[in-house]
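Structures for review follow.
Common to both upcoming complexes is chain A, partnered first by chain B, then by chain C.
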Partner chain A sequence: MGANIYKNKKPLFLFLVPAFAFMAIFLYYPFIQNILNSFKQIPELGAMDKGWNDPWYTNYVTMFQDENMRMALRNTLIMMVVTIIGQVGIAILLALLVDNIRVGAKFFRTVYFFPIVISATALGLMFNLIFLYDKGMVNQLLESLGRTELIDWKGENLALITMMLPVMWQYVGFYFVILITGLNNISGELYEAAAIDGATRLQRVRYISIPMLHNVMCTCVILGVTGALKVFDLPWTMFPKGIPLGETWLTGTYMYYQTFNTKNIDYSSAIAVLIVVLGIITAKVVNAIFKEKDY
Partner chain B sequence: MKKRTLALLMAGAMTASVFTGCSKQATPDPTTAATTEAAKDSEAATTEAPKTEAPTEEAKKVALNVSTTFAGEDGNAGNYQDAIKAWQAETGNTVNDSSAVSDETVKARITSDFQMGSEPDVLFYFSGADANSFIEAGKVMSIDDIRKEYPDYASNMNDDLIAPSLVDNKKYAVPVNGFWEAMFVNTEVLEAAGVDMPGADYTWEQFLADCEKIKEAGYSPIAAALGNIPHYWWEFGIFNHGTPENHCTIPESVEDERGQAWVAGINDVKDLYERGYFPKNTLSATDDDTFLMFVEGKAAFLIDGSWKVGGIAGACQSDPNDAATLDADKLNNFSVTYVPGMNDRKATDLVGGLSMGYYITKKAWDDPDKREAAVNFVEYMTSDEVVPVFAQHTASALKAAPKVDESKFNSLQVKAMEMMSGVTSLTPAVQDIFNGECRTSTFDGMPQIVTGKVATEDAVKEGLEIYHAN
Partner chain C sequence: MNTNKKFSAGDAVIYLILGVWALTTIYPIFWVVMNSFKAKNEILSNSFAIPTGDLFTLANYRTAFDRLNIFSAYRNSMIISCTVAAVVIVLAGMASFALVRYDFKLKKSLNSLVVAGMMFPVFSTIIPVFRMLSSWHLVNTESLALSLISVALPQIAGNLSFAIVVLTGYIRSLPIELEESAFLEGCSPLQIFSKIIVPLAKPSFATVAIFSFLWSYNDLFTQMFLLRLPQHRAITRLLNELTSNEGTNFGLMAASVSLVIIPVLIVYIFLQKYIIKGMTAGAVKG
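For the complex of A and B:
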């Protein structure tokens, strides 16, 4: 009798019901409704639809003709590359460095992770002040070094870099923590054996740490590229409405703009569907490139 | 067996907990409860209690759901809280307040609430195109319908000044305080550039000449973020090619007379940009950035609304929330004047009016317990005693507006009062009618227009086509 309780799996399903119900009501139902909305005419947020679009796929055709949408996709693609190189890449470097020091490892972990706990909106406001045209921190610094002309860091030529730098900076700590945890899981015996065989520190990193981190890195890259598709708060705080001249649109900010500013609800629903589809595709592509390995 | 029963009970409890939030039964709002207690304890409300018909002793005490835009940084947020406390103390009713700062999110929430049948009992909201959806759905009561049962409802208001609905020309919203849009001036910059303070006869040509002088003196003539908030220049640009009578007429097409007036007005803004009168970063700056330039004496002119009087005063305080910390000398450097005129529009013809007011919803009207309280609440908030507290230096629709005590005003408020005394007309903003997706091409598209990437005519045409298609 005592062992039967473990063979009977039915109670487990009962425990899964609440979470499933929660997901169904608050995630899957809205998502399916969103797909339907993308084919309908919705006059404003919260309003009932006025029937199907004619033709029903109008929004998807518009999307591929919309110059701002093209800009948003281009910038999001750049953001993905920045994420892989700037966020995951720097995080790997920092994790390997911190893993190889004996004193102060905990300190650096806290320091690098800290930006994550600060609200993105607060960070956006802070970086707004840093890159402010008039009396901004960077321009003041340059002024003190003798530069007379102010630089418009949020202007047409520099806007994309100014937007991506803070986003990159904010999430390095997130991937750093994941990677350092992965490094801690590598058995110390491997390093000891390598050291006995005469491997240098660099060789130990190259032939033990990095290969053993492969799966963790793969997870980080997937999180990064899918996150790049929906990044919103910090870019919107610094560059509302894609300023300047629509140069800083991202898929996330453009979807929000279409929803709350132009009130083109059905079109923004279509953009939301595209974001999900692109998220799935990019995750699959990253998985295919960085195939998970068994060690 | 016991374990199975326990498992079933736990799973049931967890499932039930998921749906707890869906319960329709009203639960007391802790903030409301606190407000109620405060109201009960409060003997001295800061707003003097006006004479309103208190409900009879037999009348049931009700909790009224009220939503307004008197919240956050709105200059009247504190006045509103004082007023509802005083009303609660007087009537014994309570207010479940869901006020929020006026923005697109709030507009979406209000629309959604009406769609879902969860609208408030009393709503302080826009009377323009934003109210069309719930007026079309018959979800609010017209003032005339309310007067059939309460003849004195809003009887202290001048009906001619109450804005009619764009849907059926009936009047629904009882106004409190109005607004105006005018040109704020940093007089310190004008002095440094050797430019005189503009007056009531200020023309566009004089304005261009002044801007040139200011620019040559090393200042930015105009504080505006064209990539973020081009609204005011858009409005007055168009107004300068029309009259107070036809300003709110939406063109049928870009080719007709009004359509061409719109193109000419927006081209004037383009001309200002090309002359370099806006800040160098006008396309990449936010409205906050350019406002900062203005208050810090780096830009001379700022077109904005009456609410900016409080904003500028706040910027002159060491603590923006404490008027006692005001640097009066700094505030003296600011003034407000008329927007330069052109063609048939005089500089003293301004944009403004009473664009918001209190609605009573049909839901509250049909509830025998709430009808009396809702009417009483609106009568209280729009009484001769409460309205002046809110209106201050702006307009109101009161028939017998009491004389304002200027001794309580700061220097900019006094200048605003003086400026208002010379206004020849207040015309509603056409952008309040032409709102939503249709204005994207000329509002958010302003940077593309001024830089020549999009032709003004094409942008106006696109907007008008969307407007007429909807």
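For the complex of A and C:
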């Protein structure tokens, strides 16, 4: 019967064409074009290309000799580790704790999630004020605790930490909500059975909650590492152009810089291709690691 | 569990840890709003005091309204993000309906195309998109409407695949019997879609709309590329500009950050259930 209604295939085009035309023009075609662009010579963002590079893979060779690019890759890899340990780690801890309380779970969920809703640009400005050298919130706090010397949070030594802390802080709530949803899906009977068998609270967490969350955690880690490749707004607001001295480049910010400040359009296309390739590789690696682990 | 136990020492430790993290998310925002009512030198020396009496000033907000086009930036953001959300739910809704209910040869390939679409980060499409839009004279144009459209177009495309994934999941779970009886009463597929599917799938349409709106509203990268003229700036672009133009006017910065955060906070308090659902349903997107 259901098949009868939808036997006439004519309306199909009406339903499908608008959405897929949109994606073809603004997603699939540009994606392919971008790969081609990375092998061409493009003098200006809005200008025609001047044919293929000679040799065609020039940009990819440059990439491996470019010191800023190396810095961007290094920082992005650190960012991935920070997201796994910092974001997902803290989120797991918080989720397991909230799962064990009776009142206030909803309050914590609301409060923890809020930073994700705010634009990262606004948060970047806020953290600029918080980490201001002379004197933002943190340095004023340290002063009132008796520290006499001001700490240069955005200086060479600490810049990377100062950049990654807010990024990490913002998304903890996101993974927290995903994990707490996973925890709520675990059947209460399992816990009851364990409690009857005399399992302590800690044992229930270790032998029920964590193993049952395995897949959800895998999703979180994949989202975290691929997300780390896409960070742009907050670092670009707090540390534009890799300040200080190119210490804080990330793949995303460096790609933007190459487009607008160096006007090396084909090179930044190549960086974008690298971002996609890295995303696919890291997702595969995480998948492989998590699959082998058996509780 | 533990329903028959009294409040224990373990509970106290748990609440302490949870409270500390809650403090890290609440206090910075409270702090920045509080300081937006203080003069610059007070922010730099006395930032923890509550702004009452002599400390209190509205000067920062006056400067924000006089010097920055904050209202027109708000309006631009609203136009862009509402357009994105509206177009996404209409186009994605129709495509999802067809992908779920019709059987046709290309169905499998179209589904994989949708999933692939979620994997493309904006970096990997933005340059060709810019070149295309500029050849259509949609960027660097004097016309406000055209440059706002130029931001909306790639953002719509970027949200469609996620929206289709969420909506197909939901439409698949709807019982087909209603559509059958509507068909017997002479409804065309278009009527079935608009009179049965859309009303039934409202909650997931809301999820998708909220997600697309917020994603578009907060997206700085696309705005940086496509909104080149100062008078066309949307809100995140305007904020970003502040760091370079008014880098030391800390009062103004605190005020503008507050002006951006407070409306979102109010909407969030009322719609948090849907917002949290929308944002995490889009977990695969980013």
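By our rule, the second predicted complex is superposed on the first by the 269 of 295 C-alpha atoms of A that agree within 3 Å, B and C clash if a C-alpha of one lies under 4 Å from a C-alpha of the other, contacts with A are read in each partner's own complex, and residues count from 1 in each chain.
We take it that a contact is a pair of C-beta atoms (placed from the backbone, for glycine too) under 8 Å apart; a residue touches a chain by one contact, two chains touch by 3 or more.
As the structure is a computational prediction, the values presented were derived from the model and not from experiment.
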{"item": "Which superposed partner A:263 touches (first chain B, second chain C, both, neither)", "value": "first"}
{"item": "Partner chain(s) touched by A:159 [first = chain B, second = chain C, both, neither]", "value": "first"}
{"item": "Touching partner for A:46 - first (chain B), second (chain C), both, neither", "value": "both"}
{"item": "First, second, both or neither for A:114, with chain B first and chain C second", "value": "second"}
{"item": "Chain A: partner with more touched residues, chain B or chain C", "value": "C"}
{"item": "Overlap of the chain B and chain C footprints on chain A, listed as residue numbers", "value": "5, 11, 14-15, 18, 22, 25, 45-46, 128, 132, 134-135, 240, 260"}
{"item": "Complex interface listing, chain C residues touching chain A", "value": "1-3, 10-11, 14-15, 17-18, 21-22, 24-26, 28-29, 31-32, 35, 43-45, 47-48, 91-92, 94-95, 97-99, 101-104, 110, 113-114, 117, 119-132, 134-135, 139-140, 153-154, 156-158, 160-161, 164, 176, 179-180, 183, 188-190, 192-193, 214, 217-221, 224-225, 235-236, 239-240, 242-244, 250, 253-254, 256-257, 260-261, 264-265, 268, 272, 275-276, 279-280, 283-284, 286"}
{"item": "Complex contact set, residues of chain B against chain A", "value": "3-4, 7-8, 10-11, 14-15, 17-19, 104-105, 107-109, 111-116, 133, 227-228, 279-281, 283-286, 289, 292-293, 296, 298, 436-437, 440, 444, 447-448, 451, 453, 470"}
{"item": "Chain A residues touching chain C - in the complex, by the definition given at the top", "value": "1-6, 8-9, 11-12, 14-16, 18-20, 22-23, 25-31, 33-34, 37, 45-46, 90, 93-94, 97-98, 100-102, 104, 107-122, 124-130, 132, 134-137, 140-141, 144, 169, 172-174, 177-178, 181, 188, 191-192, 195, 201, 204, 219, 223, 226-227, 229-230, 232-233, 236-237, 240, 251-252, 255-256, 259-260, 265, 268-269, 271-273, 275-276, 279-280"}
{"item": "Complex contacts: residues of chain A adjacent to chain B", "value": "5, 11, 14-15, 17-18, 21-22, 25, 43-48, 128, 132-135, 150, 152, 154-156, 159, 240-241, 243-246, 260-264"}
